[in-house]
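Provided herewith is a single structure, encoded as structure tokens, for subsequent inquiry.
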Amino acid sequence: MYSFTCDYSEGAHPNVLKKLQELNYVQHPGYGEDTVTDEAIERIRQSIGNPKASIYFVIGGTQANMAVISALLRTPEAVICVEGGHIFAHETGAIEATGHRVITVPGIQGKLTPAGIQKALDDYFMRPHMVKPAMVYVSDATEVGTIYKKAELQAISDFCRAHKLLLYLDGARLGSALTAEDNDLTLHDLTELTDAFYIGGTKNGALFGEAIVFNDPKLYPDFDYVRKERGALLAKGWLLGAQFGELFKDDLYFKIARHANMLAKKLASALKEAGYDFLAESTTNQIFPIVTKEEMAFLAQKYVFEEWQPIDEHRTAIRFVTSWATDEEHVDELISDCVALRTND
Amino acid sequence: MYSFTCDYSEGAHPNVLKKLQELNYVQHPGYGEDTVTDEAIERIRQSIGNPKASIYFVIGGTQANMAVISALLRTPEAVICVEGGHIFAHETGAIEATGHRVITVPGIQGKLTPAGIQKALDDYFMRPHMVKPAMVYVSDATEVGTIYKKAELQAISDFCRAHKLLLYLDGARLGSALTAEDNDLTLHDLTELTDAFYIGGTKNGALFGEAIVFNDPKLYPDFDYVRKERGALLAKGWLLGAQFGELFKDDLYFKIARHANMLAKKLASALKEAGYDFLAESTTNQIFPIVTKEEMAFLAQKYVFEEWQPIDEHRTAIRFVTSWATDEEHVDELISDCVALRTND
Amino acid sequence: MYSFTCDYSEGAHPNVLKKLQELNYVQHPGYGEDTVTDEAIERIRQSIGNPKASIYFVIGGTQANMAVISALLRTPEAVICVEGGHIFAHETGAIEATGHRVITVPGIQGKLTPAGIQKALDDYFMRPHMVKPAMVYVSDATEVGTIYKKAELQAISDFCRAHKLLLYLDGARLGSALTAEDNDLTLHDLTELTDAFYIGGTKNGALFGEAIVFNDPKLYPDFDYVRKERGALLAKGWLLGAQFGELFKDDLYFKIARHANMLAKKLASALKEAGYDFLAESTTNQIFPIVTKEEMAFLAQKYVFEEWQPIDEHRTAIRFVTSWATDEEHVDELISDCVALRTND
Amino acid sequence: MYSFTCDYSEGAHPNVLKKLQELNYVQHPGYGEDTVTDEAIERIRQSIGNPKASIYFVIGGTQANMAVISALLRTPEAVICVEGGHIFAHETGAIEATGHRVITVPGIQGKLTPAGIQKALDDYFMRPHMVKPAMVYVSDATEVGTIYKKAELQAISDFCRAHKLLLYLDGARLGSALTAEDNDLTLHDLTELTDAFYIGGTKNGALFGEAIVFNDPKLYPDFDYVRKERGALLAKGWLLGAQFGELFKDDLYFKIARHANMLAKKLASALKEAGYDFLAESTTNQIFPIVTKEEMAFLAQKYVFEEWQPIDEHRTAIRFVTSWATDEEHVDELISDCVALRTND
């Protein structure tokens, strides 16, 4: 059985693991107050092109989201996201547990739009009987594998600034987004267009870890307290520094993301050619082909993948995810099995 | 100008006010530990027909909701309500501020249904990545003036018990609901069908105040702590006891609710006869006629009311609310003005 | 039996009650958006001598404290108060329930000092492993009836500004404090020395109600949301406006506070003369004589009062509280009973 | 420079790291739903001798504490700990951020006692104006390196059960505690005496990770939700399973803890013999010798350690911590340097 279930099935990129091994007996100060962490931060600042950015490592995406959002919102304020957004759909109410509502609005292909944000502002007009929308949350890539074009993110950013809304971007799959073939955004654009974002390590080469970036260090200088308060400060903080240090050395982070995208594209193209339809137009490492129930049953004998969404009585959208660790050979095998299914029809 | 805006424009029923005056110089122990409060609780228990019910007075509806819901839910649990439900739409995220998500589902005529609750359970299936629905919140009367028939509430109650969901009923306008002409529910039914509910005083004869009822005293014996923790324990607790004592003497609570309903019905019937359409079929003290923009402008010269919802380019649903304090004379005048508008057409 | 237990045993000053009755059938907009409230706010602004202060009415002291403190603190921040401070000792963790620690430090005669605040800063030095002290909470009068002299509050204010700590004053018994014979503070001083404070109505002539004052309206312009979120927005907001309007007409608030203080002083002087010792030097409406267990038992036959604190095996400090409603006759009777006890010795 | 600052300076025990490497390319289901995790849980259950215990891995100690405590407490409830307890002193208000007060009481040698717990119950008697103590938190080893004897923990456990308080034990340094020479507690005792506890990996051989144990699976079956809600569910959950699987294979967890204790004892004995006094009687891997300022300055040239607490003008207690990774050679060198200091005197 080979799994295309997700991009966190395996461990870490070998360079990362090697680094952890090299440093295993080196003594470091605790809680990220070490030089390994400092160097990783410096490397990320350079990649972003923002030498003054405040950067904080945490262990996972839910932590990043709950820490940033609870730090930046005040008590009656709410965060807006697209329907199906991760903080609404898959984080067990972590944001609400810190006292804030998550407002959802419809999007287009999994993406939030200024019109969507405007809808939230319209819906929440009745001051003071409703929460106050104060922040916008977007993910790039989105939950359905689509990406924001620069003009789209620019429009959201402009809208947010015009309406005094903070803009925060969840980059759990940022590597895949920024290396998608139709992408025109850069890390530097993110530092100019958003207030804060995070660069995901868990799904792109690290054992675990996300790098939170506050583009303006004055936005929330007390974030170190919040990271600890929310249980997101790792005792052996250098573990995060070491991993991100490797990922941002020689562009490794983007190289391995490109690998995942390339394999996803190869798979998607072959399936399209073989006549499969798709749920969404993804150019990143998640694709959503629509298969019949019989096809699904057949594939499930050799592959692990997620049933994503029923389409009709006979057909289901399934999800194939590739990653830095995905083997081209297995992709080729999957292609040939899928193609065979349609050829035999 | 006469206002039909809401049922909390005036103060208290004269009996209530008289009682407060009579007791003004009597010394009472603080925090509701007084005999006036005890007597009011006893009277309510008798009205409900549940001698063991735990009853707690609080000052307002948002307090009642946030205290009860935060007391009964544990940290990852959520409460389900209908779209437009008060805790979701008009309480500034008070529930979320205590750490819990409010899940909304579509209803019928403002009412929640077992199918709606089932939808929430279906949507929130992905344990443990989603909050756990653990409570159902309904209002009687609803936000659009409709009421639950006994069979409807029974079906919800059965569903909740079968699915281990607590059932809590917001009775901000319970007087109006239970005295509606098509109502077949009693206070005693509520004590059997729900886990907790509150009887609204603010909108039916009291200066302020709501009586929270836990049908089984073992459900949450520590609620006294929560009432204080949430700022809902009145220092001069006897003020609440005195008011509810009067309201539940000689059926006053229901008599005055009937008055409000009667006037609303008179108004609604006359308007229907004159050709006005309505947004919803309300038999309680809120009615929602649909008027043209010109009619609305004309009426606004003599009356205060709420613009509820645009219907189309030319027409709007407005809200007229009657109360224990509404004067029949003014209702008659409003009727004649409305009728004249359509006669002149 | 006559009660000296507290200053919230009775209802409201007759002027206040009369006003409520006069306005009972007047129709007002809901939620304090009425002219009665506006006028009361204007009167308080004039009393304070701060025409731009933002003023919000809420129902009780715990509400005031939890709303103000949760509004002004961000997630990892804490509030400092003296040992025995009301928010720590008697509000059922209302502040913690909003996510913030209350830090206690020793005081002098129930009063906080700059040295006490400095101790909290010293104790909480270990950034980011400890919460961040960000606000100071004081009460005037204090829990043991003492008051802040202007120089003392000035010193605290200076310290807070030098250390970027917000200063918030709980004025549940502010009337009694500002009319104490040794008081040299004014409402105007409070508006200059603190960031926010509240003027207590519940314990000085109102049925209920506290007036929160933000001295600089820019400090937290979204407080209206928080008031609603915390369940502290009264539907019939004009009830609060009407009460405070009366209390701040012709100086009534201070006149009746002076009455309470005068009776407390009469009682304290007589007891002192008769040989009773006191727990603290109070010049406000709470006094704490030390009595033997036999004396306590004797007095308890005719009077209700609180056992405050055991002194030794044989003696206990008890609390007598006077109020706007206390009758001089009963004070005289209490004096003669107390004096008789010591004369007979 | 060699560091005796803490027991989390280095990475992981070589067996642990090797295991991670072995499994690096194996595909696992996410979120701990994998067989590696299952096996680790089974091994821990066997070590504990409680086949039905519910076991949940999380990443760090603050996470473990905030998740367990917020899961088990209801809204007005508080947790009791000793002065200096980790949840009070070093977790940035993580517990309060979930809405609960931490109550501190004095202990003996860093240990809580039934008398201390009784004090909290006495202090918090004034229902419902105070939070309700509902849980007791202890650490073994304590913050000052001392351990609970079986009779001591039994007494606390008996007290808790008699007073309906939950008992939770923080085992960040449980390995060191259970292998101390004077220890008479076993893992099995913990499962009988407490309601929940956690076994610390971060400070004893793991890169990171703690194993939370609910002794009775019915105590809180929804804890999986809370783990996710608090950001404590690792995407690559098998990383935790792999580490604990190794640590609980062939008793490794205890073997390496014994190593740390042995070196601490060697150091302590030598220092005692050389005439050094100690702050506390520790038999675990933290020792607290008292040195002169000159001695401290001298040692600081070669070693890193923590200044723990000033003793008087001339002397300071410092902390030396050993771990599974500490090298005996460096301990010997430190001994000879310390001895030399006193010999030269």
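The letters A, B, C and D name the chains in turn, as written, and every chain counts its residues from 1.
As a convention for this text, a residue touches a chain if its C-beta (ideal position, glycine included) is under 8 Å from a C-beta of that chain, and two chains touch if they have at least 3 such contacts.
Note that the structure is a prediction, hence the values are computed from the model and not measured.
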For subunit A and subunit D, chains touching each: B, C
From the centre of subunit B, which chain's CA centre is farthest? D
Across the interface between the identical copies subunit B and subunit D, with over half of residue numbers shared counting as same and under half as different, the residues used are same
If you average the CA atoms of subunit B and of subunit C, how far apart do the two points sit, in angstrom? 34
Nearest whole angstrom, what separates the Cα centre of subunit A from the Cα centre of subunit C? 51
Centroid spacing, where centroids are CA-atom means, of subunit A and subunit B in whole angstrom: 43
Contacts with two or more other chains occur in subunit A at residues 75-76, 91-93, 97-99, 128-129, 131, 225, 228-229, 233
Residue set of subunit A touching subunit C in the complex reads 70-71, 74-77, 98-99, 127-129, 131-132, 222, 224-229, 233
Residue ranges of subunit B in contact with subunit C within the complex: 2-3, 5-6, 8-12, 14, 17, 20-21, 23-30, 59-63, 66-67, 91-94, 97-98, 202-203, 207-208, 225, 228-236, 239, 304, 325
Across the complex, what residues on subunit D touch subunit C? 75-76, 78, 89-93, 96-102, 126, 128-131
